[in-house]
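Listed next: structures, encoded as C-alpha cells.
In the two complexes below, chain A is the common chain; its partner is chain B in one and chain C in the other.
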Partner chain A sequence: MCANSRKNKSPFSLGVRKKAFPWLVPLSSVRLTLVLLSLSMVLIFVATLEQVRIGIRGAQAEYFESFFGIWYYPTEFWGGSFLNFIPLPIPGGYLLGGLLILNLIAAFITRFQMTYKKMGIQIIHLGIILLLIGQMVTQAIQVESRMQINKGETSNYLERFHGVELVFTDITDASESKVVAIPEEMLEVGRTLNTPKFPLKVRVKSFGPNCNFDLKESGENRGNITAGVDRGVGVSSNLSITPIEEDFSAEGVNFSYAVFELLDKSESLGTWTAVAHPAGNSRWESIHPKLAGLSFQPIRYDGRLWGMELRAKREYLPFSIELLGIENEFYQGTDIPHNFESHINLNLESGQKRKALVYMNTPLRHAGKTFYQYQMNKAADYSVFQVIRNPSWLVPYIACILVSIGLLWQFSFHLISFLRKQAKAAPAV
Partner chain B sequence: MVAFVACCLHISVQMCLSNLSPNTLGRFCILLGILSFFGSCSEDPEIQSYSITPEYDGPVIVWKLPDHWGENPELSGPLAGSFHVKTDSGPKGRIGVMPFREAVSSLEITNMFGMELGYQGFNQESLNQVLQVKKIEGKNFDWIRLTERVQSENPNTALLAILRNDQDTWLFPFIADAQLINAEMESFTNFLGSIIARAGKKEIRAVVPALPPPPVPTASGNPTWETPKHWLPGKASSMRVGSFLVQDGNGMELDFSITTFPGDVGGLLPNINRWLGQVNLPEVNLNSQSKYVSEIIIDEKSAQLLIAENEEKSVYGALYFGPSQSWFFKLIGDSELARVEKENFLTLLSTVCFHDH
Partner chain C sequence: MNFLTKFPIFPGFLFCLGLYVAILPMGSTRSSLFDFFTPESKPETDIIDLEGFSHIPVLRGGRVKPMDSVARNTLLVLRNKRTALDESGTKIPAIEWFAKVLFNPEEADKLKTFVVDHDQVLGLLNRKFAEDGKFYSYNDLEPFLEQIDQSARESGKLEREKQDSFDQNIIDLYRSLILYRKLKHTLSPPAPPSDSEMIADLGIEDLFFNPETDPDLISEYQRFRDLTQAISKDADSIRMGSNEFAKVVFMLDHYSRANLWSEFFPVPPEPEDTKKKWRKVGESLVGEEPLDSQEKRNLDPVQFSSLLRELVLTEPNELKKKIDFIYETEKMNPSALFAAQYAEAIKLRREVDPILQSYEDLRTSFLDNDPVRFNSAVASIRNACEERAPDQVGKIIFEKTYNEYEPFYRSSLAYIIIFVSACLSWLCLASDSAKFNSKHATSFRNVAYQLTLIILLAHTFGLLGRMYIEGRPPVTNLYSSALFIGWGAVLLCWFTEKYLRLGIASAMGAVVGCGSLVIAHNLSLDSSLNPTGDTMEMMRAVLDSNFWLATHVVTVTIGYSTTFLAGFLGIAYVIHYLLFQVTTSPNSNGKLSSLLSSSRKQVEKTLGSMIFGITCFSLFFSLIGTVLGGIWADQSWGRFWGWDAKENGALLIVIWNAIILHARWSGVARIRGISTLAIFGNVVTSWSWFGTNMLGVGLHSYGFMDKAFNPLMSFIVSQVVLIALAYTVPILFRRPSIKTG
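== the complex of A and B ==
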C-alpha cells in the first residue's frame, strides 16, 4: 500500500475531512477572509468617525453591537453636501465577527493539514478563534457597574452605568426593607404592571431616557408630559419635563424620567412623576430643595409605607466594602492624576474582614467581580469603583498564549529545519 | 441578535439551494446554532423583588385609616398626614400627623392649640389638669382635650394625642366639633393603634412651632479655618468675613474671600452662574450644573463645590446654605496659579469649623 493511500484512509486526513464537510469548503475561502478583514477596517474607520458625533457608547451600539449600521457620508468631507443624504449600510460587528469565526472554523476543518510541520499555524488559528468567541461571550455576558462609597461608609450594592429601574421599597419594618424593582425595559407607555410582591398596579404613562426639567411658577403650565401628575414631588415642585434624546457621549448625563399611575385594583390613587439623577438621587437636594423628594416619594397603603424612586439599576451583593481612606496624587502643578488609591475593608459573606488597597491598574477581585479604581473626589471624600463581572475574562489570555505557542512552534520548526539544511550543506572540514 | 440569526438562516437557505443533503444541512445548522447561542445570552427583563438591610434614614410614620376617613391631598406646613371624616353632609373634621423634634414639650403644643381656642396660656400645673396618659396598642400617648371657651352645645374641640419615642415626638391632633369627636373616638383610637412611628438619622423636616429663629452669627460666632502660610491678608470689606491674596513671582494673583449673607441669596444656580460669568464661562441650568458642581462636606455639613476653569481665569468656590445664613468661599484669579493653589483651597475647606455643634 502506497503512502498516499494510507494517508487518505486516515479519518483526520484532509481528503476525508473535505469529503465529510463539503458544505464548509466555500466558507473556508481565503478571499472571504480578506473581504471580511477589509470590511472590518471599513467598520473601524466609520465607527471612529462616528464616535466624534455620537460618542463611544453610541458608536459601539450602532456599529459593533449590531448586524449592520447606517452611515451618512460626512458633510465635512469632499462632496459631503451632495452625498450626505445617501444612507450607506455598513456591516456590523456581529455580522463580521460571526462570519470570521465561521470562516476560520471552516478553514480549520477543510484546509489545514494536521501535521507537525503545520501544527503551529493550526494553534495560531485556534487562538484567534478562541479570541473571537471569547469576545462574543464577553459581549453577551459582561456586566459593567459602578460602586460609589463615601469615606467611612459601607456599600453593598452596584449601580449600572446605563439603565434605570422604577423602585418601590417597603420601609415599614425596622429590621429589613422589601424592594420591588421594575427595569426600564418594562416601562412601556400604556403598559400596566403588577406583581404579588407589590399591592398596587403600576400603569406607565410616560417614560424616556433623558429630559430637560424645570420648576414652573405656581399656576404655570407644566407641559404635556407631567400635565396629569397629581401627587408627589411633581405637584409640590410644579415640575415640568421636556423629553430629549439620550446623550451617548462620554461626558453626557442623562436624566431618565417616568410618569406613572398607581391603581388599587381599578381605582386610581394618583399619578406621580419620578426622575433619576445620573449621580444618584441624593443629589437632588443640592439642585433644588423642592426636588429632594425625588429620592423618596412616600405612599402609604394598607398600613405599610412605601418609598418610590427612579434610579440607576442596582445589584445587591452578599458582601460589602467599607471605605477607610483615600489618597490621590497629581503630577506637581498639574491636574493630571499620578495615583488614586482607596483603602478598604472587604466585609466577607462569612463575617470575616479583609483589608485591601485598590489603586490604578491594581483592582480588587472578589466573587467573580473585579473592582477597578475609577473616580475619586477627595474634597467630597468619596471613591468610585468600576466593577466588571466577566466570567470569560481568562479567554483572551488563553488565546494569546495559544497564539504565542503557535508562533514559537512554527518559527522554531522552520529555524531547526533551516539549521539542519545548513549543517548538511556545510562542507566537511 | 435577531439580525445575526437572520444572517445564519440566509446562509442556510443558500446552502439548501446548493443541493446539499439534509444530513449535511443539519450539521451546518448545529454549527450555526452553537455560534448564535453566544449572541442570545441576554436576560429577559422581569420585575425583581428582594429584601435588603434598611437604607432609608429618614423618619417613618405609617397608619391604617378607618374606612370612612378620607385623606386630604394637600399637606401644608409641618403636616405629614391630613385626614377628614366622610359624612353624608361632606367631609368634616381634621385629623393630622405632625412630626416634631424631641425638644417640643406637651406644654408648648398645648399652648399652640389652646390660644386658638381662647385659652390664656397653660403652665405645667394647669396642663396637668387636662393631661392624661393613654395606652393604645402598647404605645403611651399624652392625651389632651381642649374645648373652645365659648357658650355652645357643640363647641369646637381639639383632641391632641402626643406620642414620644427616644428621638422624636409625634402629634396627632383631631380638630372637630365635640359631637364628631365623641362619635369618632373609637376610630381615632384604632387609628392611633395602627401607628408605626420611627425616627431616622435625618432630622424630621417639620419645624418646631414658636421656637425662636437661629441667631444671626455675630463677629464672635464666625467660622474658623486654617489658611496656607503663604497667603497674604487681602482687601478688607464689610461684606467679607475673610479675605486673602495669593501671589506668585510672575505677577499672577488670586483673590480668596469668605462672605456670608442671610437667607439663600437666590440659591445655588444664580450664584454659580454669577461666578461663572466672572471667569467668562457660559451660564448653566439645572441639568448642566453638574459639569462644574459637586458635593463637598464642610464641617460635617453638605455643601456644594464649584470648580470652573477657563483659559485665563478660574474660580473655585464652595457654597454652604445653612438654615438661616449662606456661606461662600471663593478663590478667583489667574488659571495657572489657581491650579497650583487648588489643593490648598480644598485643604482650607476641610479645616473650616462653624462652631455650631
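== the complex of A and C ==
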C-alpha cells in the first residue's frame, strides 16, 4: 500500500503519464496491436505469393515499400477465374510499420509499467521498435551495386544493379578523360538537356527501362522508335527496338534504351540510339559484332573527341581493388560448390596496399561499404562483388541483443515462478 | 511381488516391446545398440565376407562413405527402399544386391531393382499394378528402353512446373536406369562396340579384354600401359597420321568416356597426389578430363599434337609444373588443356594402380565363389585405403553399423507404441469395469512417459550419429529439419509430462515425433530434394558455416517444433472440448460424460497453461532464430532482410506467436481461443516449412516439391476444419437444451 502510493507520486508513474497524454491511450491498445499484426500477416503472405508473378523486387516495391498495394486473386488458384477481377487493397509495409511504431511508442508512454518485473517486456519492445525503424531506414537509404573485376586488373568504380545513365566521355587527352553523365531520371521524352560541361544540347526522343532489339536487314523498316535515327550504331546495324516492361524478377535482364538527338544551338547534328547491356557494354561484341560500337559511339565536335554510351549508373571510389586470383572449388564428383574465393589487393587512398580475401560469409568492409562475393567465372577469370552501403547495418545487431535480453529476462521470471509453484504443489515425491 | 503390482502385465508388455524396438535387432534392421561397442568380428574363411566388403570406403557425392551406404542410398533412389529384392521378390540385404550389380551384372539384371508404381508408366511397359506388382528387374524393362528414353526426353523438354505426374515418373525411371547402368560399369568400363570400324581399321581388337585368354581386365590395362610407354619413348610418332598415335588416342578416349559411366570413386588418393583426390577407374588410367568431352570437337589437331610431343619430351618433374601451368593459364584453350591431360596419361601414369588388381580379384573370386581370394582382396583394399587416406576412413565402420541400426525407423515405430499406451490409459479411466480402473490408467500413463524417455534417447542417438558422420550441427537440410522438429517436440513433451502426468503430452509428442519421422522418410524419397539418395549431402558454399547452422538453423527449427507442439496441444484441447460438448448434450449420458465434466476444469486449465507456456518458447526461439538468420544474411549477402519467401515464412511464425500471446494477455482470447489460434499456428508453420519451397522463388528454394502439395493442402484443410468445429459444435449441440430449458 505504502509502496503503491509512493509510486503514484513519482512523475513517471503510469497514472501521471496517462493523464499527461490522454489522447495516446486509444492508440496504445492491444487490440490495435492485434489488428495490425494480423494485417501484417496478410501483407507478408500476399507479397510472398506475388513474388512468383512479379519477383522479389516487384513485390517489395508494390507491397512493402508502399502504403498500400492492390492484389488480384491469382487465376491459377482454385476459383481464380471468378475471383480474379476483384481488386483487393492490401495495407502496405510503410502504413503498417508506421502504425506499429506509433502503437508501440504510445504503449510505452501510457501502458507499460516501469517496474523491475516488467523490465523484460520493455526491453523486448524497445528492440522491436529499433528493428522496425532500422528496416524502414535501410529500405530508404541502402544502396546496392556491383563491381566486376577481371583477373589481374584493377577497378575503382561500382555499377548500380538498377538504373542507367547516358554518358559522354571526352577522350581527346589520353592521360585524362572528362565524363559527363545524365542519370535516367532526367531522360524524359521530349526534354532538352543542357549542361555547362558538355558543349551540345541533348534532346531525348525516346527512353525505356527494357526492350527487345533486333538487327534488321538493310533497307528493312526499323519501326517507330528508331525510325528517325540517322547516326551511329543504330544506322550501321539497322537496329530495331520494341519497348517491353521492366522485368523485376531475380533473373530478369533489362536492356535500357535511349534515342536522342544532339543539337548545336538549334542545329541538329543527328539522332543516335543507345542500348545498355545489363552486364556491361563490353558484352555487346559477343552478341553481334555490329553492336560492339554500343559501348563507344564517337562524335567529333569543336576539335574534341567524345564517346557516347548508355550504361549502368556508376559510382567512383577514392580507392581501388585489384583482383589477384580466384578460386572456385566443387565437392569431388558433385556440382555442389564448396568455395568461392577472391584474392584481392586493396589500394587505399593513402597509396598503401593491403591484401585481402573475400569469400562466402566473409565480406570485406571498407570505407562504409561492404563487398560480398557475388558471382565468379573461373573460365573467363573474373569475379563480381556485390557492394552495399548501409549506414544502419549495426541497428539489427543491437536490436537482436536487446530482444534476447528482454525475452530471457521475462521467461526466466515465468519459469522460476512456475517451478516454485510446482515445488510447493508436490512437496515430496 | 512389489514389481508385479507396480507393473501389471499388459502395460509391462508394452514397455518391453518399446524397449525391444528401440534397442535390439529386428527384421532387416540387423544391428542393435550393442553393435556400436563391439569390435568388428574376424571374417569366416569359408564364406564370402560381404560384411567386410560393405566396409570398403569409396567416395560418392563428395563424401567418403562405406560401400554399404552407397548400396543403400542407390536402392533408395531405385526402389524407394533401403533393401533389395531377389528374383522371386524375397528381401535380401542391400550389400548382397550391390555385389551382384558390381561383379555379376547378368545375375543382377534379374533382381527386382526398380520401382514403377505409376499406372501410365506401367501401361507403357504393358504391365498392370494389380497383377504384376510394382517392382521390376532390369531384364523386365530392357525391351522398353527405347520407349522409356523417348518419353523421358519428351517430358524433359517441358518446364518443371508444367510436368504432370507421368512426366515426373518417367523421368525418374529414366534417371534410375542411367544410375543402374553407371553402377554396373563403375568397376569395369563398358566394352567398346563390337562392330566399330575404327577398331578394325586401327587393328586394336586384341588390345581389349578377351575372356578366353585373359584372367581379368588388368591384362587390358597392362597392354594399354605398354602402348603409352612405347610412345613416350618414341615421341616423334606423336603426330597426325601416325598409326601408333591414333591407337593411343583411341584408347585414351575410350577410358575417358568410361569415366562418364562411373557412379562413384573407388580408388583412394594416390600417394604423390597433393590434392588428395579420389579417382574413378578411368581416371586412374588416363587422368581427369580438363573440359567436357564435347570440347574435343573444337580442338586444333596440329597445335594439339605438337604441344603434346613437346610435353612428352619433357622430364617428369618439369612436366608436372608445365601441366599445372597450362591448367592455370590456358583455361579457354581446349587444344592445350587436352594435350596436358594426354601428356599426363602417357608420361606420368606409368603403372596400373595395384588397387585395380584387388578390385578385379574381388570380381573374379565373387564369380568363382572363392571366399579365400575374395576375403583377402577385401582386406588388401581396406588396408590400401587406410594407408592412402588415413584421415578419411575413420568413421566408416560406425557409419555401416549406423545404417543397419536405422534409429529413425525404430523411433517411428516406438512412437506408435507410446501413443497406444497413452490412449489405453484414457480408455481405462473411462471404463467402469473392475478389470480396468484408474490404477491401470496410471501405469499405462507411466509406461508412455518412461518409453518416451527411452525412445527419445534412440532418436537423440540417431541425430548425434548423423552429426558425428557429417561433422556438422543437427540441421543441414529439409530432411534433417524434420528429424529435429520431431526430436524437439518430443523432448518438450517429456518435460511437460514430467510435471503434468496426464498422458496428453506423451500422446501428442508421439504424434508429432512419428509424424515428423514419416515426413522425413518421404523427403528422403523425393528425387528433386535428394537425387543421390544420401541424406547426408555436402553443404553448398554459402551454407557451409557450422556456426550459423548451429545457431540460426537450430533455433529456427526449434521454433517450428514448439509451434507445432503448441498446435497439437491445441488439437488435444479441441478434441477434449468437443467430446465434452457432444457427451453432455441432453440426448446422451453415461460414465464418459460425467468423467469429462469432472476433469474438465483441470484439463482445460493445464492444457491452457501448457499451450501458453510452449507458445512463449516458440516466440523466443522463432524470433531469435529469425533475427540470427538476418544477421547471417547480412554476413553473406549484405542485407539483413530481403523479403525472401523463407524469411517471410519465418516472420509469419514470429508474428503469429506474438498474436497468440498478446491475445491471451489482453483477454481477447481465452482457453478455446488460444487453442484454435495455436491450431492455426500449425497452418502457418507448415506453410513456412514446405509451402514457401513450393513457390520456387528466392534463395531458400531447395527444390520444387510438388509431390508435397496435396498432403500439405489436406493438412491445412484438416486444421481449419478442427477450428471450425470448435466454434460450431457447441452451438449445434446446445440448442435443444435451451429449448427444453
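Here, the second predicted complex is superposed on the first by the 403 of 429 C-alpha atoms of A that agree within 3 Å, B and C clash if a C-alpha of one lies under 4 Å from a C-alpha of the other, contacts with A are read in each partner's own complex, and residues count from 1 in each chain.
To be clear about the criterion, contacts are C-beta pairs under 8 Å (C-beta built on N, C-alpha and C of every residue); 3 or more make two chains touch, one makes a residue touch a chain.
If you're wondering where the values come from, they're calculated on a predicted model, not measured in any experiment.
In the superposition on chain A, contact of A:Asn361 is made with chain C only, not with chain B. By the touch criterion defined above, A:Ile56 reaches chain C but does not reach chain B.
Touch criterion met: A:Asp381 reaches chain B and chain C at once. In the superposition on chain A, A:Phe45 makes contact with chain C only, while chain B stays out of contact range. When the two complexes are overlaid on their common chain A, residue A:Pro396 makes contact with chain C while staying clear of chain B.
Looking at the shared chain after the overlay, A:Gly333 reaches both chain B and chain C.
Once the two complexes are laid over each other on the shared chain, residue contacts for A:Arg420 go to neither chain B nor chain C. Residues 330, 333-334, 378-381 of chain A touch chain B in one complex and chain C in the other. The part of chain A that touches chain B in the complex is made up of residues 21-24, 66-68, 92, 94-95, 98-99, 101-102, 105, 133, 136-137, 139-141, 156-157, 165, 169, 171-183, 185-186, 193, 195, 197-198, 212-215, 230-231, 251, 253, 255, 270, 278-279, 283, 285-288, 296, 300, 302-305, 307, 316, 330, 333-335, 377-381.
Residues of chain C that touch chain A in their complex: 59-63, 264-265, 277-278, 331-332, 499, 537-542, 544-545, 548, 613, 616-617, 619-620, 623-624, 627-628, 630-632, 634-645, 648-649, 651-652, 655-656, 658-659, 662-663, 665-666, 668, 684, 687, 692, 695-698.
Residues 1, 3-4, 6-8, 15, 18, 20, 24-25, 27-28, 31-32, 35-36, 38-42, 45-56, 58, 60-64, 73, 81, 194, 196, 198, 267-268, 285-291, 293-297, 302, 304-305, 339-340, 342-343, 346, 349-350 of chain B touch chain A in their complex. Residues 30-31, 33-34, 37-38, 40-41, 44-45, 47-49, 51-52, 55-56, 59-60, 64, 131, 134-135, 138, 142, 144, 250, 330-334, 336-340, 359-363, 370, 372, 378-381, 386-388, 390, 393, 396-397, 399-400, 403-404, 407, 411, 414, 418, 422 of chain A are the ones touching chain C in the complex.
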